[in-house]
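Below, chain A partners chain B and then partners chain C, in two separate complexes.
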Partner chain A sequence: MARTLVNVPKKAKRGEVITIKTLISHIMETGFRHNSLGARIPRDIIDSFVCTYNGEEVFRAALHPAIAANPFITFHTVATESGTIAFKWTGDNGFSAAASAKITVE
Partner chain B sequence: MGENDTTQATRRRFLAAAGGAGLMLAVRPAKATPASMTLAIRRVVGEAEVKPGKVKLDLPPLVENGNTVAISVSVDSPMTPQNYVKAIHLFSEQNPLPNIVSVRLGPRAGRASISTRIRLADTQNVTAICELSDGTFWSDSKHVIITLGACLEGMI
Partner chain C sequence: MSARAFRYRRPALAAIIAAIFTATAFSASGEIPLDQRRSAYADMSRDNKAMQDDDTSNPGMLWVLDGEALWGAKAGKAKRACADCHGDARASMKGVAARYPAFDATLGRPVNLEQRINLCRAQRQQASPLPYESKDILALTAFIALQSRGQPIAPPDDKRLTPFRDAGRTQYSQRQGQLNLSCQQCHDDNWGKNLAGNTVPQGHPSGYPIYRLEWQTLGSLQRRLRNCLIGMRAEIYPFGAAEYVNMELYLMWRARGMKIETPAVRP
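What follows is the complex of A and B.
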């Protein structure tokens, strides 16, 4: 399981725009590099990132090899209700990782 | 000593020649061109017109290491259910592939602003395009100078 790090505020006011920062450890091998023997290193990237807020999708990103290793994504969402913000990364070779954070909305 | 000098010089010449040969033998991967970036943009926007404005692309003008370039995009939008940003796309002119990232947003985003870290293979223009809920497309481009391009050959 890849290491993930998500930064979601623990508390927010209803209707407040919150900033979410996510980081995941992944090599993001582009598929354009060659090893010392000249053989092409096969592509191995995360190609999809989805954020859901109490089950409803609020953000989605399609990543390409031009995303740097250990993808870092910052985005915003409106704090609507208390609950869980879940994150899911999927990629090549059946890669899948998930993380979640609780938020209390007052 | 003199003999040693000659050996050193020969060795140096050999190494220089070997290095040169290595450079020539290295296979350059196919690069995206401004034309292929235009094509990739057309694939996203279709026939719609892309106007400059509304989008603000933020990335450093001079980058030392193309392997990680911090980039942020923000769009001037009220983000209401009637008027919001549907998607933001980033494109590169000189990377092996023109697409960098595509994100989907909705009115629940509250603020149309994202940031991430990207790879840039060479000095080039980077373009951000946003799609608004009314179906219009807006863009911004920045020129960025890369001192060390993202590694395309060999292991790090």
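What follows is the complex of A and C.
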């Protein structure tokens, strides 16, 4: 199971710009490497990351083979209302992981 | 020159030569004064420091989460979890990593934290040992060592460890490999200078297992020592070899009093 770590401020003022940090464990195998026998190691990466704020998409990223293992993604959004910020990572071989955090907007 | 004048000058010459030899001997065996020791953390960029300092951006914490799950998971024929004997790791494992490697009376030799975990698995859980550098052993070690974060390294005052620590010290100061280098030449005599683009660190084992950006994964002190040996073009010992444990004993003693940083991030 992929481990995730997300950092969302618990409280924010309405209209405030907040920083969100996410980290997920994944090998991000590029597909360009070969093993000791010369066989190509098949690609195994996360290729998509989506963040939704109370169901509305606020951030999306496409990931490619050059990205290092355990991708760390940080971005900003505007705190509009209290609710849930949800994260979803999807990738090769049916990979899927999700995490979420609550935020209170005053 | 008269014979008398020559005799007069000889003691002075001998004193100069003796002074030179003493000076060389001191610089060759020059251990870093206690107050000048520093973790390689101090040499890192601001970004790398921020990565280590924040538990939600330190990738080592991903292994800690795995370790926490393993701590509570039943394993082996005994169907027992670490937590069944040791309880809450936050209390029972506090300070443990700061005093390892420790002497194991049954084996008659020191064991490091990874070996202790595997001994526990064999004796108490009747489970197969976790292979060196496997995800699970790194996760458990990181989780246990995290409980000592911020505590000073405190090597046990155990006379039985002395011969092993001395063997580690000898290895540390002995020239080896095709480059004919000793650990000491870099890490005691030339720390803080540049080796290609990198700052030569003092080589303190304060943050293991570490997340090394170059590895893109967590790794043990043994893996790091193998790195250095390969760099010196010296013989690498197999994982778990007594040489690494002796070296770890000496390095922990050398870093006594410095704070545990596990899981540290290094470039």
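The rule we apply is simple: the second predicted complex is superposed on the first by the 106 of 106 C-alpha atoms of A that agree within 3 Å, B and C clash if a C-alpha of one lies under 4 Å from a C-alpha of the other, contacts with A are read in each partner's own complex, and residues count from 1 in each chain.
Here is the rule we go by: contacts are C-beta pairs under 8 Å (C-beta built on N, C-alpha and C of every residue); 3 or more make two chains touch, one makes a residue touch a chain.
None of the values given here were measured: they were computed from a predicted structure.
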First, second, both or neither for A:Leu37, with chain B first and chain C second: neither
Chain B versus chain C, judged by how many residues of chain A each one touches: B
Touched partner set for A:Ser25, first chain B, second chain C, both or neither: second
Contacts of A:Tyr53 with chain B and chain C, given as first, second, both or neither: first
Touched partner set for A:Phe72, first chain B, second chain C, both or neither: both
Shared chain A contacts, counted only where both chain B and chain C touch the same residue: 68-69, 72, 74
Touching residues on chain A, where the partner in the complex is chain B: 17-18, 30, 32-36, 38, 53, 56, 58-69, 71-78, 80
For the chain A and chain C complex, residues of the former touching the latter: 3, 5-7, 21, 23-25, 28, 68-70, 72, 74
Footprint of chain A on chain B - complex, ascending: 27, 29, 67-69, 72, 92, 95-97, 99-106, 108-120, 150-155
Parts of chain C lying in touch with chain A, wherever the complex brings them together: 51, 54-57, 59, 61-62, 65-66, 213, 216-217
